[in-house]
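Consider the two complexes below, in which chain A is the common component and chain B and chain C are the respective partners.
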Partner chain A sequence: MSTLAVATLHQALRKSFATLESNQKVWKSVLAECSPLMVSLGNLAEQSRALSNVQISNTPLRVFPDLEERLRFKLLEATDIVLGKLNEKMSSLQSARDAISNQVAAILHLYEQNTHSLDLLAVTERSTTTPSVADMLEWLQDAERHYRQQYPFLSSVLDVYVIFWYFFPLTLVFRFLRRKTLLQTLRADDLSLLESAPQRWNSLESPSAEDHITDTLCKVSFFVESQ
Partner chain B sequence: VDEVRITNRKSAAITGSARKIKDNAADWHNMMLRWDRLNEDGFMAAASIVNMRRSCSERSAAAQQFFIASTLFLTTAPCVKTSCVTSFLVSRQAAVVTKMDRLMTSQRGVEDLEAFQFGAEGRKTPLFHSWSTREFGEISQVLLDSFRRELLLKQTILQEVAHTVTSDLCMVFLSGWLHQPFIPTQSRLRLEALLLETGHRPL
Partner chain C sequence: MEPLRLLSVDPSDRGSQRCRLGPGMMSALGVHLGSPLLVSVPGGSCLCTAWPRADLAEGFLQMDLKCFSPSLLSQLPSHLSLDPAQVSPVICSKLKGVRITVIVQSVNFRKRTPHRLVHELVKDMLKGVCVHDGFVINLEDFDTEIKYVVIESISPESDSAGFITSKTAVEIAGIQTLRHYRSQLQDRHTVQLGGLEEVSASLREMLKLPLLYPSTLSSLGVSCPRGVLLVGPPGVGKTLLVRQVVGEVGACLVVVRGPEVVGARPGESEEALRAVFERARSAADEGPCVLFLDELDSLCPRRTSSSAPENRLVAQLLTLMDGMNQSDRFLIVGATNRPDSLDPALRRPGRFDREVIIGAPTLQQRKAILSVLCERMPVCPSVNLTELAQTTTGYVGADLSALCREAAMHAIREDSKCSGEQLVSMKHFHEALKSVRPSCLRSSMGRTELSPVTWEQIGGLDDVKLKLSQSIEWPMAHPEAFVRLGLCRPRGVLLYGPPGCAKTTLVKAAATSSNCAFLSVSGADLYSPYVGDSEKALAQLFHQARACAPSILFLDEIDSLIGSRSHSQTPNSVQTRLLSVLLNEMDGIGLKTHERRGTEKILQAEGVEESHTPEQLDCQEVCNKDVMVVAATNRPDCLDSALLRPGRLDHIIYVPPPDQEARLAVLKVCTKCMPVGADVRLEDLAAKTELFSGADLENLCKEAALLALLDGNMEASDIKHTHFLRSLSKMSSSLTEQQINKYETPPR
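For the complex of A and B:
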């Protein structure tokens, strides 16, 4: 009874680790593709800030009265394109996270179904090549939790960016309406927020947790390969 | 085989105004591509001027402090060289605009000819699919105007970029150079419409 349940669990664990490994690869490569996009977001915010700081009418560019408006529009357009690309990346991250979560939920469900036929020994027994069922379940849950927590952090950086970026032109309108005091503080804040988006993004990436998952995958590699 | 012969015959049959307009459309396409390439190179050169200018001002401050004239010369020499490169690239862009201007003149010529041939109401059947001859001129005029203004912007930036010290203004110069504020994104669509109408792109 117990050996059958353990064999079933082992089979499911192999599948789960395979899913984890492939989705970890996806996650890493998508994150790597995001970095240059975040850098361009930061650049665009910097350009936008420079444009706001410069009084065009006091520069040699005064012969182009509509320059500021046109350039701002172009910057918005460029940002739109980058944000669109980042959105696609975020949905790839989301589906990688969902694949891992679903797999882990399924294996925990399977474990719960079989608890009556699994005694403590069967769950904690391990060999040189096969870690115990309890350990492996724990590792899977750890990995799942990492991705589940990581995703909203990353997407929040983008959300904040989107909100400020699209409201930024509004703050210019308000500035025009001479509601200075409040909005000048807001302006300095939101622009630095926009410019620091890439740094915050990078700080959220947690290489140590990623390494931990890689370690886990190494620990189970013999187990996954043995059939 | 029949189809190929028909299309061949059709394209060979294009003469006069239609031929002229079709060739002009191809030239517009090539000119705009050349402009974009020059613009990219120009941006690189302008960006390196700004960077050099920044390090120049730091180093020349140090040089002046110690009265080292040769250092001053060494730091400004690459700046001057890159300025030359940039101004060469802008002059090439100016040449592109001159050619666009010529395309416009030839378009006006076609229109005048049509006015002479068909009177005020123009020709009955369109030259290609649906556009009247005047519409080609309108599109060319819009494109020409935007490139003219953009060229003026480039020339203004070129004059100022090496003498500007405030970093925000330098950033605005570079960002203006890169994003081409006077060439609207629709220009690309206008060109595609022109290419579709004249049969360079399959419908």
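For the complex of A and C:
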């Protein structure tokens, strides 16, 4: 009875670790794609700030009509596009995270169902090639928690853009209506937040935590391969 | 089972809500991986999920504090031993819904983040967490602005704990900042305050009304008062009162101490003040808030004509207080003990709408304060708080707490000598009373240390003693009888009579027998070379005497101190001006507002106070709220007639020279501590000393003793009758028949 349950669990665990591995790759690649976007976002913010600092009427450029408004519109449009792309990336990050979460939830559910046939001895038994069920469940939980912690962490960096979205919906008509509101709400401190965004983004990438996941995958490599 | 050692959590477990146990312990509890456990530690409890230790060792417990009771927020337990019985499994089902309060780090985040985003983030963070009703969930491991979540209620309500799944509905009841939440947690246990119930009720009402009935107030079109000025002598508990009320209401307190905001550079102080108001404003967004300006007189003194830097600070405060609009829902409380030195512009409705005067505590209040103070002390049951309250006239709250501390110190000192039970008894309080004096009299010029004199130390004069005790002691001892008959205590007593007839000693005895504060003043205290100084000193003296009422103000030799308008050659001399001050103080038109005693009821919404039947202590307050002036003179004809009318010096008591019987009594008192020979016949001496005053008789006894010493070459053991006779032959009486006849005609 116990061995059967352990075998079932082992099979599910193998599947879970495979999912974890593939999603880790997805996560890493998406993050890598985000970095240049963040840099261009910071650039755009810097340009906006420069635009608010300069008095166009005091420069030779004053002959161009509505130059400031036009420039600002262009910048906002560019920001809008970058943010749109970032949002897409965020949703693919979210789907990777959800895939891991669902997998872990499923395996915990499976364990719960089999608790009556699994005593603690069976759960904590480990060998040289096979870590114990408890250990593996723990690692999976840890990995899931890591991605869950990363996600709101990332989206908190994007907070300021979420506020941005609030006043700046994608539809063009609406944008024209609300442009004034946005210009009033985007004060200098918001710009500085936007400017610092690339640095904040980079600081979030914690190599040690990611390495932890890689470590886990190494630890279970024998187990995963021993079909 | 052996006790479990509680170790600090492993870093890799942080945020996992795991509770690491040995597998043996887990099987003993009958739990499997991930089963919820409730661990109770000293000061609170923690909900976590069971997991075997990686090394499978028994006897240790490591838990991640993810979900715990709020009391563990401030101090997290470490290195404890736990009884295995303190770990118990709980049944957790999937929850349908939770109602939460979100605790965030900064005010900015709270204000600017859309509610929708917070909801989304929190829901995501809470997924898979096992929660308990009323517990706090730690979300710090996510490293966002959202730090904690408080579980207000869970659904279904029959459960006390449960899992949050992705299907659980999360309802956010409110968002608070961490600082506000922590201050609320702290303020739950504050000090108790005695005797200030009425003031604190009115303060509480002002804080709560706009929060409880905002719509009612706006529909009535009234604005709730936004500023309160607390006025009272130092030590009555103004600062403590504010802290206590703030703690009770759960409001946030922003304190400004006058000297703290004053900076060296120009403009710095104003900036600091603006920053304080900004802080109060942001704190008020989350709940009731009190901005407390302590020692307001130093912050906001009367503006002078010169361009002093204080003027700008005062102007800044005034504009800030005016700039407050109804949406700024915080209350400004100022406290001062020198209301007269405040800028008058500050004391108008719109700035400080209300002025609450906290006077020196009355008898009832003192009793309440003492009972609060003694609550925490191991006090002997024999300690009579009413009696203590009666003897501590003029003591303010700070004095009373010093008194209790001193009494406790006496008890400890005694205890260290002989190890017995540590109980503070009445004896210790009496000891402490000797060293702790009322602070309102500390700088007073009239304060006198009396050597206690009992009535028995004065021979004869029985009817004078009776009259004196009638006017001084009776109102203290039998207030209910005075109230019943509609009597009030006399304002003043004048003792007149020939010199040396124990007028001063009588007053001393009266002061000793009543537990009044006793102030005495002489010409040296009052007279000063500056015009107006003497009058001010006398007025100040009355002020202090009133502050610690009931009190006795003794004016000896009043004829020389205070002149008479009719007899005086120079109509505008100092004496006449002093006289006018005295007349005014004794029977003037009223008191200054900040001299009020106790507090009157100023409630707006609490309804009518039920009138309670007058008790004895209340009667005592009614009768004894005034200063009693006792004057003594031997030239009553020199006094101004206005001073002698009823209402000022009501009782005019003639202290006659002793008659034969009285002289005998005086002689007996004088020779009490002298070894008098068996042949001495005091009755004989009394008969021979016609027209001798009490002082003369005392002198006679001294002379006789000296003669005895002279005769016996310093070895005389007793005084013989002959010594008395010899000293009598050398003396003549200091009084004359004519003098006495003059006194016999009453002065008015």
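Just so we're on the same page, the second predicted complex is superposed on the first by the 202 of 227 C-alpha atoms of A that agree within 3 Å, B and C clash if a C-alpha of one lies under 4 Å from a C-alpha of the other, contacts with A are read in each partner's own complex, and residues count from 1 in each chain.
Everything below uses one rule, namely that a contact is a pair of C-beta atoms (placed from the backbone, for glycine too) under 8 Å apart; a residue touches a chain by one contact, two chains touch by 3 or more.
As the structure is a computational prediction, the values presented were derived from the model and not from experiment.
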Just from the overlay, do chain B and chain C fit on chain A, or is there a clash? fit
Which holds for A:Glu77: it touches chain B only (first), chain C only (second), both, or neither? first
Quick one: is A:Leu61 in contact with chain B, with chain C, with both, or with neither? Answer first, second, both or neither. first
Using the superposition on chain A described above, determine whether A:Asp142 touches chain B (first), chain C (second), both, or neither. second
Chain A contact check, chain B vs chain C, more residues touched by chain C
Is A:Leu51 contacted by the first partner chain B, the second partner chain C, both or neither? first
May I ask you to decide whether A:Glu210 touches chain B, chain C, both, or neither, giving the answer as first, second, both or neither? neither
Per the contact definition in the header, classify A:Glu21: touching chain B only (first), chain C only (second), both, or neither. neither
Shortest CA-CA distance in Å separating chain B from chain C in the superposed model: 29
Where chain B and chain C land on the same part of chain A: residues none
Which chain A residues qualify as touching chain C in the complex? 101, 105, 108, 111-112, 115, 118-121, 123-124, 134-135, 137-138, 141-142, 145, 148-149, 151-153, 155-156, 159, 162-163, 166, 212
Quick one: which bits of chain A touch chain B in the complex? Just the residue numbers, please. 46-47, 49-51, 53-54, 56, 59-61, 63-64, 67, 70-71, 73-75, 77-78
Which bits of chain B are touching chain A when the two form their complex? 149, 152-153, 156-157, 159-160, 166-169, 171-172, 174-176, 179-182, 185
Interface with chain A, chain C side, in the complex: residues 12, 15-16, 18, 23, 26-27, 32-34, 51-52, 54, 56, 112-114, 117, 121, 124-125, 127-128, 141-145
